[in-house]
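The following block contains the structure, expressed as structure tokens.
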Amino acid sequence: MKSYFSELFTGAWSLILGLKVTIKALFSPIVTYQYPREKLVVTPNYRGHIDLVKDAETGAHKCITCGSCMRECPSDCIFLDGEKREGVKGKALTIFTLNFTKCSLCGACVEVCPTDALDYSNEYELAGFTREEFHYDLLKRVEERE
Amino acid sequence: MDINKVKKQWQELSTAVEDIDYAVSGYDYSVCLERDKVRDFAAMMLDEGFYLVDLMAVHVTPAIEVVYQFAHFETRCRVMARAFVDDQVEISTISDIYQGANWHERETRDFHGVVFVGHPYLEPLILAEEDVDLKPLLKEEAKLQDVDAVRRQPPEPAPEPKAKPEPKPEAKPEAVKSQEQS
Amino acid sequence: MEIFYSILPELIRIVVCAVCGAVIVFGNALVMGYAERKLAGHIMLRPGPMEVGPHGIYQLVVDGLKLMGKQLVVPAKADPLLFRFAPLLAFAPVFVPLLVIPFSSKLQGFDLDIGLLVILALASINLLAVLIGGWSSNNKYSLFGAFRAVSQNVAYEIPMLLSLLSIIFMTNTFSLKAVVAAQSPVWFIVIQPLAFLIYLVSIVAETNRAPFDLPEAESELTAGFHTEYSGMSFSLFVLGEYANMFIVSSVATVFFLGGSSGIPLPYFEYSGIIWFMLKVYTLMFFLVWIRWTYPRTRFDQLMNFCWKYLIPFALVNLLITVVMVKLL
Amino acid sequence: MSMDIEVLEDSRHHRYVLNMGPQHPSTHGVLRVLLELEGEYAMELLPVLGYGHRCHEKIAEFKPAKSFMPNTARMDYLGALIYNQGFAQLLEKAAGIEVPERVEYIRVMASELNRIQSHLLWYGAYLLDLGAFTPIMYAFDDREHILDILEDVTGSRLTYCYFRVGGVSKDIDDKFVTSTRAFIDRLRSRFPMYEDLVNGNVILQKRLIDVGELTPHICARYGITGPMLRGTGVAYDLRRAEPYSIYSEFDFEIPTETKGDCMASFLVRFREMEQSLRIIEQALDRLPEGPIMAAKVPKKLKIPAGDYNSSVEAPRGELSYYLVSDGSDVPYRLKVRTPSYSNLSVVPEMCQGMLLSDVVSAMGSLDLVIPEIDR
């Protein structure tokens, strides 16, 4: 009999405690952001898809077409090729594509690059209607960039 | 758990009991079993309070090797027990002793086609029903290795202590007929 | 013709009451739908609907339009007639109880002698609709929901009635107006706090809301009895639920919180209705508040709570009331 | 699948089969459970797996071992760093690479943050299973802080690929230290709120106490590890039992309960968050300076022939990688022993004769992550 009533009262008290928590929350400021209208600042360390780095001095990319990234990539999503050109040491980059649909963002390509020619972009709003939208031509992107 | 007592029991049941260096391999004992002793071994391990960590198969020649991994809740004692399947790719089940083996055996059946005799419900678990005969983890002829090739090689040049392995792994002269792709 | 003229005022009265009832039902659903989502949002530290209109106030209108535009899917093996009939049955009876509720001393459709009985009888029809809807869907989850709803509602009607009965013993009438009138010095919540608590718990179960929302328990039964319903037929169930919430809260207001009585507001003759609505919506806020606070109970625990706690307490309360009424 | 529903219903007339999943709100992903019900009592259960099978073990046999690192994060998306840790450790052991001390500290802190994050998500999702909608938002509010901290370091929010063989990919900075300290204080101050809202709640206690009781013997037979095992009173935590990394240097408790029911594993998980905070705090205090990459990590990581095992304590229990090498840089066989796989296999025995509602709460207490089961 005693436990019958004590259970009732402790139970009721625990329920009141719960109500206290939620009523406090009801009058607390909200913590969410209305996403497309308000945007959070994304950390500069965010690892988006890779991009070729634009050299501040020369205004060109730093890739020497060694192909390490292509070999290192576990998912075979990088393809690059170059050709021999007059006046350029080694090979000049002619094509550098990233198939982002297969990329797992592991960062192996960035780390293996001997000239630090690759870096992560900060883009995170990635949505598209076709797979082809995610086949990036990085060479074109670096040329178009400011 | 008295490890010496347990080891004695292992020796009775198995063909070889090997002490392994935990710092290098991550487990303590390796036990090689005849396939008809697997059930006795499992029953003995359950009596001693071991739990079944994992059950898997490795495709090597001469036959597929089934590896049972046990560990103990109270003391650090991680055991790998190995047994080869017979010509019919069969081995007896331990799923009535360790019920947790039930799904592991079904999975091994999926991936390697090992038939666990006496299993109550040996149907595809991870793979779809139509892939019964797929056996995806069986090696193709070119990649298949002999069982000795995947065993730990004795250090050849100088008998170094195993606890402090050479930090340069390439330096170790492993006479392995490796046919890996580059 | 003379007969016509003699019943004309009565006819007009019926039409006006029906229109008012419809306005209350739909208006209440809009208000509650919005309030519930907004309150739930703020309890969870998020803003709730924000996109359609300032602070999302048109959200419910948009939702209503969307639901109306949706296809009414009838599952292949469902009973098509009953499947379509169930939402109507859930929704139609909610108008009648509104006629007998005294919103203020003057605002009342009909002051029936059996006012309470009308409300209780018609409120129970909703249960039948849930059963028919769940059964005719030909879905095991729906069927579970329906079964749970029936046993839960039947069980919880007993403490609910017993708690109201103790008021009835004190007032000797089923007329809601008379019950309100009987609370002129003190509200019955002061005299009968236990009955009020029992009634409050029972109406949570009666309206199938969390923590007693077992008939629709989405984590167990996906959506319970309305798993297979889509579009307007689904929203009729929701409308019915909100209307039922309104009715049971009104009954609580009438029986325990003094109905429309309150301090008369200056310059406004019908201040009663404001007090009445304030009390009703306070109770409904409480229902929303507990819904977003507690986990769901288990079925046997729900029944145990009813039989082990609510009914004994209600009976004891009734007994004490009867003795006191006889003595005083 | 192979259990024919019609036949089953025919043969036992009074029973019928309820198909729960693969799309069911409380199976947390693509798990399917066939329940044979009598009334609302589940008399027999048959989990059906494999909807999310992605051939991870097969993939591992086709590329250099260290390229498998991103795959580990995809197995258990909630404990990605701990899966990273296990795999990195496996290769370091096998190739004999010494890891700098700072790396170990960073790994421990990141792993423990990851563990708290996983437990917080479980906490919210479990209460969602039990019908409480609000706690998940509070838990996510806290979890968001961890994700922000880890995003700043690792660059991703969920499927981290942060650890490398021999080190980590990026060093931590002062921002990490300050924001982690701030988070520790914040979460500590939130625990009483959780206690009030959830843990003490009578409805929750009634739902969890005496539901799905396990014993250490059942755990041994099924290979159940992690908080469920600790709920039965066995203080078995691989961070203590087989101290890997630098866990032996930290002072922390292994929370245990004795009853082995859902409430026990619930409380164990809840208290583990507190203990993880303690570990992080100690690691922050002692964080040494140093390199974040081992000095000599060969580019082509050849693994000496033999077999290697690496076991770590994942949020859900014991995670073991077993690698068989033939001496090349590509694993000959890699087997991943995932905790949820063994934990879920107890369901047919644990849930027998339970009410449907209890099946939901018992399965929720397993803290299932289906991709880790299907691999």
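Couple of notes before you dig in:
Letters A, B, C and D name the chains as they come in the text, with residue numbers starting at 1 for each one.
One rule holds in what follows: a residue touches a chain if its C-beta (ideal position, glycine included) is under 8 Å from a C-beta of that chain, and two chains touch if they have at least 3 such contacts.
Quantities reported herein were computed from a predicted structural model and do not represent experimental measurements.
Looking at the partners of subunit A and subunit C together, the chains they share are D. Averaged C-alpha coordinates put the centre of subunit B at 24 Å from the centre of subunit D.
The distance from the centre of subunit B to the centre of subunit C, each centre being the mean of the chain's C-alpha atoms, comes to 64 Å. Our note on geometry: subunit C versus subunit D, Cα centroid distance of 44 Å, whole angstroms.
Centre to centre, using the average C-alpha position, subunit A and subunit B are separated by 40 Å.
Contacts with at least two other chains are made by residues 134, 138, 141, 197-198, 201, 203 of subunit D.
Multi-chain contact residues of subunit C (touching two or more other chains) are listed as 43-46, 292-294. Pairs of chains in mutual contact: A-C, A-D, B-D, C-D.
By the touch criterion given at the top, residues 1-2, 49-50, 53, 55, 57-58, 61, 90, 93-98, 216, 219-225, 229, 234, 236, 241-242, 296, 298, 300-311, 318, 320, 322, 324-330, 332-333, 335, 337, 341-342, 345-346, 349, 374-375 of subunit D touch subunit B in their complex. In the complex of the two chains, the subunit A residues touching subunit D come out as 7, 10-12, 14-15, 17-18, 20-22, 25, 31, 43, 45-47, 72, 74-75, 104-108, 111, 120. Listed in rising order, the residues of subunit A touching subunit C in the complex are 4, 8, 15, 18-19, 21-23, 25-32, 34. Touching subunit A in their complex are the following residues of subunit D: 63, 67-71, 74, 134, 138, 141, 148, 151-156, 159, 161, 164, 169-170, 193, 196-198, 200-203. Across the complex, subunit B meets subunit D through its residues 22-27, 46, 49-54, 56, 58-59, 67, 69, 71, 73-74, 76, 78, 80, 97-100, 102-103, 111, 123-129, 136-137, 145, 149-153, 165-170, 172, 174, 176, 178, 180-181.
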